[in-house]
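Mind having a look at this structure? Questions to follow.
Note that the chains are named A, B, C and D in the order they appear, and that numbering of residues resets to 1 at the start of each chain.
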Amino acid sequence: MNFCSDNVAGIAPEILAALAAANRGAASAYGADEATARLERRLAEIFEHEVAVFPVATGTAANALALATAVPPWGVVYCHAEAHIVVDECGAPEFFSGGARMAGLAAPHGKISAAQLAPLLPGGKGIVHHMQPAAVSLTQATEAGTVYRPDEIAASGELARRHGLVFHVDGARFANALVGLAARPAEITWKAGIDILSFGATKNGAAAAEAVIFFDKARAADFEFRRKRGGHLFSKMRFLSVQLEAYLTDDLWLRNARHANAMASQLATGLAALPGIRLRHPVEANEIFVELPELLIEHLLGKGFQFYRWDGPCIRLVTAFDTEPSSVDAFLAAARGFIRPNASA
Amino acid sequence: MNFCSDNVAGIAPEILAALAAANRGAASAYGADEATARLERRLAEIFEHEVAVFPVATGTAANALALATAVPPWGVVYCHAEAHIVVDECGAPEFFSGGARMAGLAAPHGKISAAQLAPLLPGGKGIVHHMQPAAVSLTQATEAGTVYRPDEIAASGELARRHGLVFHVDGARFANALVGLAARPAEITWKAGIDILSFGATKNGAAAAEAVIFFDKARAADFEFRRKRGGHLFSKMRFLSVQLEAYLTDDLWLRNARHANAMASQLATGLAALPGIRLRHPVEANEIFVELPELLIEHLLGKGFQFYRWDGPCIRLVTAFDTEPSSVDAFLAAARGFIRPNASA
Amino acid sequence: MNFCSDNVAGIAPEILAALAAANRGAASAYGADEATARLERRLAEIFEHEVAVFPVATGTAANALALATAVPPWGVVYCHAEAHIVVDECGAPEFFSGGARMAGLAAPHGKISAAQLAPLLPGGKGIVHHMQPAAVSLTQATEAGTVYRPDEIAASGELARRHGLVFHVDGARFANALVGLAARPAEITWKAGIDILSFGATKNGAAAAEAVIFFDKARAADFEFRRKRGGHLFSKMRFLSVQLEAYLTDDLWLRNARHANAMASQLATGLAALPGIRLRHPVEANEIFVELPELLIEHLLGKGFQFYRWDGPCIRLVTAFDTEPSSVDAFLAAARGFIRPNASA
Amino acid sequence: MNFCSDNVAGIAPEILAALAAANRGAASAYGADEATARLERRLAEIFEHEVAVFPVATGTAANALALATAVPPWGVVYCHAEAHIVVDECGAPEFFSGGARMAGLAAPHGKISAAQLAPLLPGGKGIVHHMQPAAVSLTQATEAGTVYRPDEIAASGELARRHGLVFHVDGARFANALVGLAARPAEITWKAGIDILSFGATKNGAAAAEAVIFFDKARAADFEFRRKRGGHLFSKMRFLSVQLEAYLTDDLWLRNARHANAMASQLATGLAALPGIRLRHPVEANEIFVELPELLIEHLLGKGFQFYRWDGPCIRLVTAFDTEPSSVDAFLAAARGFIRPNASA
């Protein structure tokens, strides 16, 4: 039973079926196909706003291309110190932007705030010696498994607007955040000031499909050239687009995310009830950071459960669209059994 | 009936089936899965040589990452003036390498020769004012639909070795070349001096899968970092690797390529037999460049055949693994009918 | 006697005196000094147009920064195949632009023409697979020692404007061209459509000083950040600016250039009169490309004259602001003496 | 009286004289002159070690080129959060390296320590998701006006060596540090593990001259290409080299630095003796960070003294090789007069 990440999961059956269904006859290459056009229209409906949509295959590509479009090579992107763009992309945003700086800010529970950003701005704007403030990037859901509320996003959005910064969201787990908040997509994006969204699907059931969504089409002018020269323009684009289309059909994205979040909640609740176990962050999406006694960690690994050790006594558990309730039960039973060996089951 | 490109085709059924088959249970992410390991072993067998293998999703990514690993930012890559890396990648090799130069050389039938390269070398090597000769890149099959023979490759390979240049092949249509030559893979790669191969599968039946193959593992040291920061390291890597694995199973890659080449050959032979029609290049793989009267071009387009106009009277026809013989027949019949309206069928 | 290049010369006495004169007391750093402000006003007078002026220390920096400001990373710069930006800057324009392509065109006597550019445009503009036409760059005086006439420049300027390309001039030897043409600075720059000029002084008497001049200030918005992050913003900027100021005072730049051109003309005329000697290009500035018998080349080198061998029988002789007429006489005497050993002097 | 920076000063008379003296006859361009060769030999003597020396004109160029040679585009450079490479170069190291990250660490008095670095290492070395630890860069003297002692440098040097990191020093004020420590150059460079030194002269009397010094020549292999394509290879190189040569002749560099440091010490001592004034950092070189009452700051500015406000009540005063003792006296008198208006002088 593998709780390492939501990317150890496979493909949601509906998405696999869509790949097979799309495999009929010839289709124009490089995004000139019908599925890609339909996808853009569908996302415009979902977000209740005109959008420019660019499918890519990885979250790193989505973030790095989005940010490269948003900031100059001497730009500064304010984000959380643990953000994927800082820690987990081997410098992709720096590479695609030509040297921009990811200014990672430490903050509790993976969330930076407008209050924290405000004193950093305007941050040497116009002074030639300094890299220039250019963007704010939030991660939604965060790397700590928490979510930004609409008002929190809007506060940073207002600040970004006032200082002329582009406002980006890394939404690798956007669906998990959305269902966690019970919000409408518009509320936590353009209505809160978001300019560009990296809209993830891979972690929530796609094989490899993300979309970069611009709420201001004018900002997207360069994107196509950047995507192409980044090697991210797929010739057989339909097979990216139909993944996303299936993802958005019949609320698959929301159903998958609800399931993953429910599994995480159940796991967190069960663990938190045990003595000597402490949740490090609120569990608001599908990731759990929890501190356990070292002997218990070893016990669980010995039992064949897979997960990552974080720092010190903390481990990370991630649930996915396909996490079996029985796996959660088994994990909790193993933990309980270790802590209360004499209790009746 | 679409002869625009081999990338308007879909996925070979065997490869689609492999995607479905791989969709069972969890798998380690980012290439630590079993399918990726098997793929490397399989390619070592096929090439009869130790190899380092890196799956990516597009040919542009494969070429740009391969060349970036091979040359410094001030390096010169000698290649054909019509090479994909010069003309069709929007500067991806320049981007990934940090500014290297693609020195495109004009030459007949898409093929540069050792005789043409020799007088350009050593080319200012060591002189600080000049960009530095760093690599030779051939396209196999070429952009003109021709193929390099083993002795032709070896002659350039010997030159590259003597001048300390890395020798790369863009093999987006490698299988088409291979079956065209009836050669063994080793003969037209490492035995002829090739250091790095962009091994294509997408144009020959994969959804989106290529492999960068290093015949000298030492050269590959940086590749993983470049791939990751280029956004080309897939989390659910197994779904790239199994495409390639299926592609190499039961000679699917060779069977698909043989079919595409046979269709091209049949089309070329039929067209060449007609008066007023001239093949611009020998047809040695699955692309046909053919000069037609303008009225015939319009006639064929009007009949619903799809293909690209090249320059002047020349059009390009590309066949694929799934080209129907009946489509070829229909195309030829339409052409014949236009040219000899009174001939009995 | 050194005819290798105009950069083997030292500093014009007037410029050295200006450095000494500027060395009084403190001055604001990084261009906020008075000399830098005066320089911009002086250049506006000379060019009869509002200008934005940025002093830098090398011609390579001037060109690379100017072009980086003008074109996107996926831009194409059309220029002569022998242009300094293609051949002699080790890829600086590629580096500063983030990967743009220098499309070097072969053309006689170092000069590309509007007639040659026209069929290359619009050149795939808007097609995502292709790098995008973005600029035209002329070299004035050219690398062949010739000059573009105002009407020639204007023809390319009109073409550039029509296709939305930025029009740049590498004027490392701008003064030599100007006096060769007996034109006004405005005529061969903004009146002919030039947007950005790399205005050279180093080859004509400065220690190390060039200015990037924008005739449209709006284009210069990013320049300061690029210059700073390129390491080309001098703290003690006054010592760059006063070199340029002295260069422009009392027509020093024109006097120096007239002298260098006159020396070249005298040398060319003398050589052309000798049998077996052929000028490869018209001598219109301060460079002479001349084909000599090999034995004469060796004789001259043996006599201690310094110059570069070009290709085959061709050598390059460059004169400068400080070339002594006696050196020219000595060179001609040595050549004559070798060719006509028995003639009375 | 200007205490804004040591770069508001002019050129030391000995260096200006050297420029004039070097202005005799022709000299080979691009560093093939005799002065440049002599400079390398002289620096080898001074550092008691074989060195490769590359003159450039700005400290930003020196640092950015040095670091680009030392680290891959995905490298991490550990340094102080206030380092010039982080704060004052508009991203030059990111630009020249192709996207490396400056990991700025907060630490008191401008000095990072081995104890602070140790827990950060090996820092994800070999894990493809993370940028890779690649270098440590110290600033000597620091941006806080303090200096690293030999044992402090050696401790970080030992750590760098153990983890395979390149060890760089930004020595824009190297002479000020050296005389502050009364150390030999070797002790605070290669003997303490330093691989590359940005050796500054501009702030201590040159017009515009720095040298990048490699103590391991093998590391310098790429440098020439990077310098050229960065636009930092001067054609009339002798005029850079003789500035540095004069700087090192008859201990000019040490005499200038001793004077600047003495002026700073006198200023600091005088200020520290006044009530309500607090030195923020020890004054160990030629910079003073001192907290004053706001009204006193305004009084001093009103009297025509020039200096920068830092943060809050802190101002920065910088002395230089040409700071007049009378200026220091005047500053102190003005401060005393404001604080103790009724005291007899």
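Just so we're on the same page, contacts are C-beta pairs under 8 Å (C-beta built on N, C-alpha and C of every residue); 3 or more make two chains touch, one makes a residue touch a chain.
Just so it is clear, the model here is predicted, and its values are computed rather than measured.
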Using C-alpha centroids, which chain lies at the maximum separation from subunit B? D
Selected interface, B-C versus C-D, where C-beta contact pairs are more numerous: C-D
Cα centroid separation between subunit C and subunit D, in whole Å? 35
Subunit B and subunit D, separation of their C-alpha mean positions in angstrom: 52
Between subunit B and subunit C, what is the gap in Å from one C-alpha centre to the other? 42
In subunit A, the residues touching two or more other chains are 30, 73-74, 89-91, 94-95, 98-99, 128-129, 225, 228-229, 233
Residues of subunit C touching subunit A in their complex? 30, 72-74, 98-99, 128-129, 132, 222, 224-229, 233
Show which residues of subunit C lie in contact with subunit B when the two form their complex. 73-74, 87-91, 94-95, 98-102, 128-131
Within their complex, state which residues of subunit D touch subunit C. 2, 4-5, 7-11, 16, 19-20, 22-29, 56-62, 64-65, 89-92, 94-96, 202-203, 207-208, 225, 228-236, 239-240, 306
